[in-house]
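Common to both upcoming complexes is chain A, partnered first by chain B, then by chain C.
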Partner chain A sequence: MPNKPAYRLYVDDPVYKNILKKEEKVVFVDRFENADFILFTDESLLERYREYKQAHPEYSTILFATRYRLLKNCKDAVGALYWRKGRPQLLFLKPRLKHHNIVLPTMFKKFEIETL
Partner chain B sequence: MYLMGVVLFPALHAENQIDTLLTEYSRKNDLSQKTIDQNKGHLVLFTRDKLERMHAKTLKDVMKMAPFVYYHENRYALPDPLTSGAFEPYRSNFVRLFIDGVEITQGWLGSGIVLYGDMNIDFADHIEFYYMAPSLESSVEPAFLTIFVYSKDVERDSGTQVDVSAGSRGYHAESVNHSGSIEGVSYMLNLSHTREKREKIANGTASPLCRDFDRTQLFGYVKNESQTFHLQLMQKNMDALSGFSLDATPQNAGVDFQNVHMDYQAYLTERLRVQFAYDTLYTDIAMSDDKPLLFVGPLFGNSFYAKARNTTYSAEMTYRTQWKDHRVAAGVKARMKHLDYLKANGVGSIPLDFDEENILSVFVQDQYHLSDHELINVGLEYSAISRNSDALKTDDLFQMRLGYLWSSENWHYKTYLYRAMFALDPFSTAMNLTSFLNLGKGSANSVQTTWGVTQEVGYEGERYRADLMLFLLKDEEGLLQNGGDGNTKYVTTVLRYAYDFDRLNSMDLQLYYAHYKDIFTLDKLEDYSGYLTFTNTYGKMAFYNGIVWHLNSIDHKNYFDWTSSITWNINEDLSVTLKGENILDKAKKTNVFRIDPATGMMVAPLQISPIDRRVVVELEYLF
Partner chain C sequence: MQRNRLSRVIFIIIGAMLLFMSYLQYAISQTTESIKTLEVTKAQEFAGKIERYLKTEIKGDSLVAYLDAHPEKRHEIDKMLHAFLTKEFRYIFLLTKDKEGYYRFLLDASIDEPVPYRSIFFPNSDVYDQVYRSGIAKVTKQKEHTEGIWLSLLYPIKKANKTQMLMVVDLSEAYSENLNRLNDPLIRIVKYMQFFLLLSILLLIYLMYNYTRMQKALMTDRLTAAKSKYFLNDFFGKHTLDAYNMIMIDIDEFKSINARFGYEEGDRVLREFSKTVQEHLPNNAFLVRNGGTEFLVVIPKNTVQIVSFSQNLFKLLKEKVYVVENEPLHITVSMSVMDVPEGTSSLQKAERVLDARMLEVKNLGKNSILFVGKHDVLNRTYSLEQVRYMLDAEQLICLYQPIIDNQTEKAVRFEVLARLIDKEYPDKYVTPDQFMDVIKGTSQYLKMSKLVLREAFGTLQKYPDIYLSVNLDLNDLYNTEVMSMIMEELKANRLMADRLSFEILEEHEIKDYDRVVTIFKQLKMYGSKIAIDDFGSGYANYSHVLHLDIDTLKVDGSLIRELSAMPERTEILLRSIQTLARGFGCEIVAEFVSEQTIYERVKALGLDYSQGYYFGKPQPIEAYMASLK
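Then we have the complex of A and B:
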């Protein structure tokens, strides 16, 4: 069988990139347009994404954020893992998951919410 | 951040429960903060999560749970954990405060605790207490306890936080915190204001003692990878409890402070670090009584209105290198404390025996890795303290620490041998020479030597952590004698146990016992204390309950300080908290001794708790 990578990920933050490069099933792509996943770590990437999306309304990919503010400001992000008052928080938005036909494993169910 | 991989690619980690992982991640992150160094010594850590769950708003809220010293205020209502309640100017010079690794000092008054001991900590991420001499890299002056407050990290806390609270007797406090980063430069600004309306203390007259204060505080930093600049400003106008009144019946007792602190740190190379700090403190003192006052003598009659300013300049250079299995650090530190002026109304400048104190320290330390699990730590420091006084010789302070650490996946053990030397703050030293008041042994050049052998053993399981500290200490020529000969021997133990029921529910237990031999005028003193806290979360509601307990062999009286809070997290941005402090009104009290100036006889001391009984409502908004 061809050794096809399972996930194409775009992340421009070198710290996160360094962490995630340890995952064997991940390949990094240089342009977010080619990614299965985009990891949002700051506002600048969000701006670039919005500009591209405006020019290409048909474009669709899975977005995940590292800050609550990014999850709130980007209606396309399916979830976020972020810090709040010194504790890591994990959230997934059910309607957005459904939009992408994503069904999370059972262990994530308690982190799914309807709205922010 | 490694957790990101787990979340994004769960199939690879299906055997793990996410909840457990989040808990573990949170804890490991707390302990992996680059500031935290277990090699420094015996650490009591208040993590960000713990501070948030406690709803700790001031350093006082945290210090009251820190073993050995806890939180006390002196007869002037100033934070002074080691106060005896007697007539000394200040006792806690051996407790030192650092913010982001730089000491906040009040120079002439000594420790920064005097002004910052109850500061607002909305800017703080976590707080570390190290007992005995920690790593010699950090301290210019020797200390028994060093408190390191570290500010919030932009990575985890960018944005704005507004916090307003109101409580009993008209208390209110406001705080705004904003942080972010622009092109590799991080910044934070925290502005807070506190109107502290406190319980009044009956003193047998129609005018009870007051300790209200109004404080405005600003904290800010700008930093990049190699440089950091901090600015701190504080204005505090306070009622000074009994002030200079010998029998604690002042007609007027107030002090206003204005403080500026600035520091700059830079890594010139990967190994060479320099740091400069500037502290200045303006003090405006207003004291009067219908009888002669403490300290000031007959020259001033029954009132003392004065203004003072002192300035401190600190500089240090540290070189660190790795050579084979040795991590070597060496450095030189210098500090100049200058009393710019001390002027009294109607008298003008008050001459003191000296107005400048200089400290020069050199240190070297080596952390040698015997194996992957073992480390030996050796440190030596020499400090010379000189003053511009003919009556004083240079104080030579020599510090030494030798440590052995062993750790495995679950267990850790550490032991240290210490020799530390301490001197009085310059104000107390000057008072010894120029006032009728005679502190210490009557010699302004008194230097205390403390020897210590300490041990700590700990175990960390999946859901719980436990450790036991055992300290054997001996003071020689003790500076804070209060009638004793200053040669005190003491044993202290701290047992801590923390259990996580799950990610959002936990408990903490601490038990402390100390046995002192030959302290003050006592042959023996035993001190017991501890705390038990529970944090619980149910949906959007979070609960905190904590009881701090004290008992000693002097009066065998139990004191309980119960703090309880309920927080409603309305959404991710907005929360409301109802908090009760010292709910039982049985928190530990400190004696304030009194003398009747007419007879010179001692009067029954006042017993005052530094913890007010209070209910507070707090609103917090993040955006």
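Then we have the complex of A and C:
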């Protein structure tokens, strides 16, 4: 997909940044309003997001969490990737995906659930 | 045979080493496996205990419904489960399946990392479903992308005949590593052993390869591509000798080819000679180079008729033309052929017989072929009993070999040579070397000497114009019984005693010349002559001439034979013997004159007499008397 534009990602955790910087299709942005995706890695980012959202109620973007708790606490997050009992866990919430009109490829369908 | 046995032994050793290596590998994997089984069994025991505890604590038929309804009980059970967490068990948790078929957390032993009740869990393995469905516990090795987990025990908890929960007991990877560390020294030792075994196998293979290569090189003569002596010995280590016939071939006068054309051309002739012989051989026969220009042909008995085959081969080799430096060259060969008798087992003995026959061919003037009778191999040496039987039956014959006056070229004397007759092989006389050793010092020697002297005097009486000489060992003359017998015979035939010579052979150094002087005086009492046999070799030395009254010196055959190989040096030696003989008034007889060239040289030197196959082989006296007439 050479012509597909790069995804603009907001992430402030340097570890994740370091991992994702090799991805050609990912461009880091430093403002929420410029981001296609926000990757939540801790509670402080969630707090800042809430503040921003309060100030800009019309703002909408795709959120993805790296912890189960973050996914649970943020109703805007569409899914999460986290560790549970030494095993990687990937899940997406169907209603939230629908809200953003996101259709996952077939290989990820098994990770879609209705409720947490 | 030795080679094959060695190869077999080496292969067996290599096989045993490989088996041992595999066994070590198997043993070490079994040890690891048994450790794993032990740990899994322990985990199952824990799981069983937890199951019993849960069933006691949770009331009602639906375990899940009870837990849903009693959050304080969940907390209590979680705490109890926490007690089961050890360094072996990293995680213990219980799952159930919701209506949609997703796994949900019910209980969790990890207090410091608690999981929200009924939160979702994706196991990423089909085994979970299998266990849930079948209700049979299973151990699964976690796929990649897990953290710190070695094995997982999936243990179903059933109630009312239905799996209600799935207990997951994760065995810690760190603990597995710890177990492996305990096992490590053993594994390391096994690895070292395997390494050294492998090294030994490689070394054995290398040694065997070198050994085989060396064996191959030893088996073939490099120059002629014929087989080597080593091959021959090895071959008759595996095969019975009497299943084969043998032909010994020696190229005549090969030195002259080397001298004339050089060694390189000589080698080429040898190669071509070997090729010619090998091309003529039947299947399974082979040619061996004994060394120098001597070869041995070994032929299986059932392939060819040995006499006609060897005669054809002889003819072929004689007619073969070699081209050396653009000149045609013929070579001649001497051959001795043996139809190896049944029961013959000694290769060395058979070769000796062939050698002896070869020597006869050489003495006859080379370029000839002689056959060996069965007798030569089977009974080369006779026992005292056998000789006694033959002497009692007077199965003794005297053969005569002429001694020629070099001036007149006429036979002036005959040497009397005793032979016994073995009735089993009447056409083959038994020569002294086959029986003399066993009868020396016995009454049979006396008997034989008496028979020989009587035969000699009988011949002298029958043919008044001839002279004879008989052989005596000086050592025997020290025996008074022998001496008395001789003196009696001389006295009885004193009129003919002056036509008789005694050829004295001395095998030991003479220490008491006075005694020998007395013996010789007695022997010469009736006019007999004394000759020293084999002069110039062994103990027959110059001191004899100095101390004893000798009439004739018979120059040793080995010196005369050298006239052909080293004429100039031998002539110097013979001239010195001649001067000595002249000085002491002795006559000289050259022995072993086997060919004309030697005779010409002997004659040119002015030696008095010649004896050898050139003039005639030992035969009954009648044969010579008929030709003299």
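Rule of thumb we're sticking to: the second predicted complex is superposed on the first by the 111 of 116 C-alpha atoms of A that agree within 3 Å, B and C clash if a C-alpha of one lies under 4 Å from a C-alpha of the other, contacts with A are read in each partner's own complex, and residues count from 1 in each chain.
Just so it is clear, contacts are C-beta pairs under 8 Å (C-beta built on N, C-alpha and C of every residue); 3 or more make two chains touch, one makes a residue touch a chain.
Just so it is clear, the structure is predicted and the values come from calculations on it, not from any experiment.
*Asks:* Mind checking chain B and chain C on superposed chain A, clash or fit?
*Replies:* Aligned through their shared chain, the two binders clash on chain A.
*Asks:* Let me test your reading of the model: by the given contact rule, A:81 touches which partner, first (chain B), second (chain C), both or neither?
*Replies:* first
*Asks:* By the touch definition at the top of the document, which applies to A:28: first (chain B), second (chain C), both, or neither?
*Replies:* neither
*Asks:* Just to be sure I read the superposition right, which of the two partners does A:16 touch: chain B = first, chain C = second, or both, or neither?
*Replies:* In the superposition, A:16 touches chain B alone.
*Asks:* Check whether A:39 is in contact with chain B, with chain C, with both or with neither, and answer first, second, both or neither.
*Replies:* After superposing on A, A:39 lies in contact with chain B but is clear of chain C.
*Asks:* Report for A:67: first if it touches chain B alone, second if chain C alone, otherwise both or neither.
*Replies:* first
*Asks:* Who touches more of chain A, chain B or chain C?
*Replies:* B
*Asks:* So in the superposed three-chain picture, is A:107 touching just chain B, just chain C, both, or none of them (first/second/both/neither)?
*Replies:* first
*Asks:* Between 332-340, 350-358 or 566-574, which chain B stretch has C-alpha clashes with chain C?
*Replies:* Clashes occur only in 566-574.
*Asks:* Using the superposition described at the top, list the residues of chain A that contact chain B and also contact chain C.
*Replies:* In the superposed arrangement, which is not itself an observed complex, chain A uses residues 68, 72, 83-88, 90, 111, 116 for both chain B and chain C.
*Asks:* If we count contacts the way the header does, which residues on chain A are in touch with chain B in the complex?
*Replies:* Interface residues on the chain A side: 7, 9, 15-16, 19-20, 22-23, 25-26, 37, 39, 64, 66-69, 72, 79, 81, 83-88, 90, 104-105, 107-108, 110-111, 116.
*Asks:* Can you name the residues of chain A that touch chain C in the complex?
*Replies:* Going by the criterion above, the answer is residues 68, 72, 83-91, 111, 113-114, 116.
*Asks:* Mind pulling up the chain B residues that touch chain A in the complex?
*Replies:* 1-5, 7-12, 14, 17-19, 22, 25-26, 29-30, 47-49, 51-52, 125-126, 155-159, 571-572
*Asks:* Mind listing the chain C positions that touch chain A in their complex?
*Replies:* Contact set of chain C toward chain A: 90-91, 93, 100, 102, 110, 115-116, 119-124, 142, 145-149, 168, 170.
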